[in-house]
Amino acid sequence: MLIKIINPNTTQSMTKSIEKAAKKYAGKDTEIIAVNPVMGPDSIETYYDEYLSVPGVLEEIIKGDREERVDAFVIACFNDPGLYAARELTSKPVIGIAEAAITTAKFIAPCFSVVTVLNRSKHITKEIIRKYNAQDYCASVRATNLSVLDFDRCPEKGLEALAEESRKAVEQDGAECILLGCAGFVNFVEDLQKTLGVPVLDGVSPAVKFAEILVDMGCRTSKILTYGFPEKKQIIGFSDILKKLWD
Amino acid sequence: MLIKIINPNTTQSMTKSIEKAAKKYAGKDTEIIAVNPVMGPDSIETYYDEYLSVPGVLEEIIKGDREERVDAFVIACFNDPGLYAARELTSKPVIGIAEAAITTAKFIAPCFSVVTVLNRSKHITKEIIRKYNAQDYCASVRATNLSVLDFDRCPEKGLEALAEESRKAVEQDGAECILLGCAGFVNFVEDLQKTLGVPVLDGVSPAVKFAEILVDMGCRTSKILTYGFPEKKQIIGFSDILKKLWD
Amino acid sequence: MLIKIINPNTTQSMTKSIEKAAKKYAGKDTEIIAVNPVMGPDSIETYYDEYLSVPGVLEEIIKGDREERVDAFVIACFNDPGLYAARELTSKPVIGIAEAAITTAKFIAPCFSVVTVLNRSKHITKEIIRKYNAQDYCASVRATNLSVLDFDRCPEKGLEALAEESRKAVEQDGAECILLGCAGFVNFVEDLQKTLGVPVLDGVSPAVKFAEILVDMGCRTSKILTYGFPEKKQIIGFSDILKKLWD
Amino acid sequence: MLIKIINPNTTQSMTKSIEKAAKKYAGKDTEIIAVNPVMGPDSIETYYDEYLSVPGVLEEIIKGDREERVDAFVIACFNDPGLYAARELTSKPVIGIAEAAITTAKFIAPCFSVVTVLNRSKHITKEIIRKYNAQDYCASVRATNLSVLDFDRCPEKGLEALAEESRKAVEQDGAECILLGCAGFVNFVEDLQKTLGVPVLDGVSPAVKFAEILVDMGCRTSKILTYGFPEKKQIIGFSDILKKLWD
Amino acid sequence: MLIKIINPNTTQSMTKSIEKAAKKYAGKDTEIIAVNPVMGPDSIETYYDEYLSVPGVLEEIIKGDREERVDAFVIACFNDPGLYAARELTSKPVIGIAEAAITTAKFIAPCFSVVTVLNRSKHITKEIIRKYNAQDYCASVRATNLSVLDFDRCPEKGLEALAEESRKAVEQDGAECILLGCAGFVNFVEDLQKTLGVPVLDGVSPAVKFAEILVDMGCRTSKILTYGFPEKKQIIGFSDILKKLWD
Amino acid sequence: MLIKIINPNTTQSMTKSIEKAAKKYAGKDTEIIAVNPVMGPDSIETYYDEYLSVPGVLEEIIKGDREERVDAFVIACFNDPGLYAARELTSKPVIGIAEAAITTAKFIAPCFSVVTVLNRSKHITKEIIRKYNAQDYCASVRATNLSVLDFDRCPEKGLEALAEESRKAVEQDGAECILLGCAGFVNFVEDLQKTLGVPVLDGVSPAVKFAEILVDMGCRTSKILTYGFPEKKQIIGFSDILKKLWD
């Protein structure tokens, strides 16, 4: 089985970390390819970043579906950018890491907190939780106010800040599980898990596993209406890849 | 890996069907044991039935956790009877088939309908959907008004009624995925899938797969507060098994 | 009129306290019998405890309905264990003390807080408030983190802790009414009421009064569908009482 | 105990019907006085009517509280006009018939429908159900599209239309209890109950009983903040009664 | 175009302030008349005040519609007293300042806080936010606990208290926009805006602008059902103005 | 004042229609420029289309903000594509036509229905209504199942289908206002309004007016946190325009 992980930003080092996390629990028979788009921002912290990442993500979905014989897709950014559009472009399962993390948390804890990067991303994170109707399970959304780049430059400081906010989420907000609200945090899961005493989840590993089992069960996206393939139309100014949809 | 499926009712033929469905997509390394409690009703269609099934379910959880080296549990009735209590009794993952079916549907369709047995069960089914905050994804709950026993006696008639209500759910209510709201329907999945043109899901197969991947990832139920092991207390009038919790 | 109060746990001293509270405001023509099941846990603080208490509660419902000429029932634990199942087993009104307390609070205050026993019970209490769609009226759920047993052993300390948390609910959370989230707290109502300056409600007294007036008005549980008597089926491994349902 | 029923409209024949319904189940020791304001509309079917009825209702609350030694109040119109204001003006319990009917329905049925007068009142009724967070319990709101006056002129036709809409609510909408959404319908309860096979509730009788038991239990409106007595201020252009509040 | 602003309380100095705020951004072709009723309370801080203000407000609506050739109306109190009734009485647009402020905030910020007068008004303000389904956009409701009169007597102290609570709303509650929850605060907008760093909105200016554009676009209140003109009925004890509705 | 209307699709004839609708009620001092992006799909009916339209929309926002001295923006597609991202890119007001239509409807009617193009777009439309928390005001979403192109090719047939679905929305679903759920429907407003008897709203006209008044009042998007300008980062593979943000 071939699962394609799409890191929606264009930072290859992050793609590598995500790939590593994706492989960690992947099945023996699962092949993982992790890519990032050739267009888009180098990190995703705003709505602007999110929207600019989507065309590149969708290109990778189409390529994966038409050329690469991919069996399932994972979109590896906590905003799940372009998820519903991706489901239109292929009948193969597509999983977002925010929905994967939230889903997993609900299986093992009565409530969770999300710890994210910048303060400005807190509202965006709350929106996605509300979009998935999970607000009743959410104890709080907290931010370290360090950027993705800050984490890259100084992982120790990043880990410390994550641990601090996670601890507050548990002690002050009553969180019984911590979700890491950025795909760039996958390297911190184990260290955090050790000190916190509650499950700590990134979304990448669960998303891969959900993708695997949907393939195993032969589940495909419902094509009857909302997620049906888009009708052919003229698209201007993007690469030809996006038009391959109708080839 | 050992996964224990608990059919909460005492009808062994149904336990067999469930076991078969559970094995259908189970991994190579997964061993499935399917049991039913030694106490409780022979089918679950009312709140009464549901509550009488729970002590037996919890016995099986405790036995599985203490004596049988079980790695994860599935509770195989669409009411998910005793699910949160089960999570208190073990740190191994416990999955209910209603939550498994709903979770899977959300991965592959924008909305679903549930088709269930008796008319009287419709409200109970709506309650569980509301409990999981999934009402915004639910196009309708429909019933065949045949009992579990009716389905057993005359599966052809049952299948026909299920197909009819499922078709109405798709055409009149806008359902883009059908969930079978009774563990006894696992044998009908494939026939329905063929004729309906939308994904048809029972909860048993996905629940097994969710259990597998939680084990694969080393996920355990958060024990920090709500789902912590119950404090020791005196229990009267049940079997000794329920007291093993504190041995 | 005969009202049967069922204390779902097996601690007789608590049954006595509850009986006293039940009688406090009962009408002249109301006879109260307070019982506890012969099976189940000696206190209810977890989902596990709650589910183990239900079969015994339902036995008492059936006995009351078939043998004791009971006119209405009260289930006297703040989790309202087995309430909807009880409504299936009799057409006589059945009231839970959580719904009774919440209902009363809404008549006299714009919002309330619930003060409960263990921290681990807070989430369970929040769930029942959400189940009754009363979260918009709920200022907070607070816990003393003393067990039911602690309260029994040292009532003074218990009262002090209750007063402290209630005071915080009023001053910090904006509660305008306090609900005591455990049937074991009935003895503390008056002391708390004096010092807090807001109404303090246990659920037992209001539940008895609601039961009385439903009987007075000839109101019976709607038997048309969801709460209809369960269809006869085979039940294994419980006492014969639970099968009396169909005699 | 003295309970004052305020019919918010100025139609005395309706006040008489309401009084009769109020006395039907009132306790032996309960004295009922039923009044209507000396100002306001002769029936309430619009927001306009509702607001014009409130000052007169509040006059009757103040008179009852200051001069008449009333123990509790009932506002007998399904819009519960002025209910929260009334709670500010007295510490005696004040109950609205919509909240009383909805509360009673929740004790005996999993869901209800409301049958009301004009089509134009349906949205107003939906709003009050939403205000009380009871929409999840509401199967439908239906209207006969007869006015209050039509019912007065031709009760047979009114009863027939009510029966027809109630029947549809049960059969098509799944209602398991019928609430009569107008205080003028109190005379139809028994006839409807006979033919429908589900409980039929007007709000007047339950409101009286709720008032009685709040008095019995010594419950008073929480005066700590929101429902505290209004601070004295200058009021122009109303009768002196409304200013008695500060005498 | 003629827009009539109705200050629902009877304090003329406040009417003057409101008029000034209304004119601040009014179009060149817009004529503003600001009035207050001849009946009602001199400030609105409770449900009691609110209800007593409505008949006078509705008189002004009717006069405006029938005699003054008004093109649109604004009800200038943050409770929007009588808004839906006013929409029944005229087909000209009627805007409340709470809905205007909330609407404007949603156009320019992801979430807002409301700062109001007395602590006791906080719950009333929360209710109106919930009524408009805006609770997901509301970071907090805060109060200065100064009365309308206090603000009048000592505006400097009032401004200071408003600034303090607004600052806390931004820093502690995460508000990204401040709404002034009292029409009497219109004079403070600019001073607050300077110091806070987030948009500060009173509802009066936006309400006037919304009224203007609805007139510009020829939008009129839908008269098909709920907001249709009230059917003629007898009204006792109010001024003749209220009956002009049917002349 | 200069308002820039961005038609997110690349069909210039639709841009012309939208421009005409935008100018219809624009103020004397308002200059309208209507554009469409140079990249993206020629119509928007799916999530795929929506996401591909956003980069071009954002280019136009940036150009408008940096080079064209635009005072406010309107995004003229009922999905409001990229709205929150656009608010990050400029401090000038940005209005979407879905939010404008819904907002206007709430000022003049208690509930509305949306009539849209393809059946497959119904769920997308429901999602945007839920995103804005307006589901309680929404009577139904209906579709003609004609594509944007069909409407272009045969407007008469389109009008007929719109009229038919709108009529059903009013008569069967209780809609008291009709929203046209596609910017391409602006030409049909007047014809529909005449026959339906309820207000018919496109979102373009109101969006322009909302934009105008926000400019008039000096309202700017709150830049304190969520909608702050994006931090500079590297963007690959898009035009230079999208990087102008940081020039």
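Labels A, B, C, D, E and F are assigned to the chains in the order they are written; within every chain, residues are numbered from 1.
Convention: a contact is a pair of C-beta atoms (placed from the backbone, for glycine too) under 8 Å apart; a residue touches a chain by one contact, two chains touch by 3 or more.
A quick note: this is a predicted structure, and the numbers were derived from the prediction, not measured.
With contact taken as defined at the outset, subunit B and subunit E are each touched by A, C, D, F. Any chain that touches subunit A and also touches subunit C is listed here: B, E.
Among the other chains, the CA centroid farthest from that of subunit C is the one of F. Centre-to-centre separation between subunit B and subunit F, using Cα means, comes to 44 Å. Shared interface positions of subunit B, defined as residues touching 2 or more other chains, are 84, 87, 110-111, 122-123, 136, 174, 225-226.
Chain pairs that touch, as defined above: A-B, A-C, A-E, A-F, B-C, B-D, B-F, C-D, C-E, D-E, D-F, E-F. On the subunit F side of its complex with subunit B, the touching residues are 122-123, 130. Only residues 10, 37-43, 45-52, 54-56, 58, 82, 84-85, 87-89, 119-120, 122-124, 131, 147, 225-226, 228, 230-231, 233-238, 242, 245 of subunit F touch subunit A when the two sit together in their complex. Taken in their complex, subunit A has these residues touching subunit C: 110-111, 136, 174. Contact residues on subunit B toward subunit A in their complex (touch as defined above): 25, 27, 84, 87, 93, 95, 99, 103-104, 106-111, 133-134, 136-137, 170, 174, 176-177, 197-199, 201, 205-206, 209-210, 212-214, 216-217, 219-222, 224-227.
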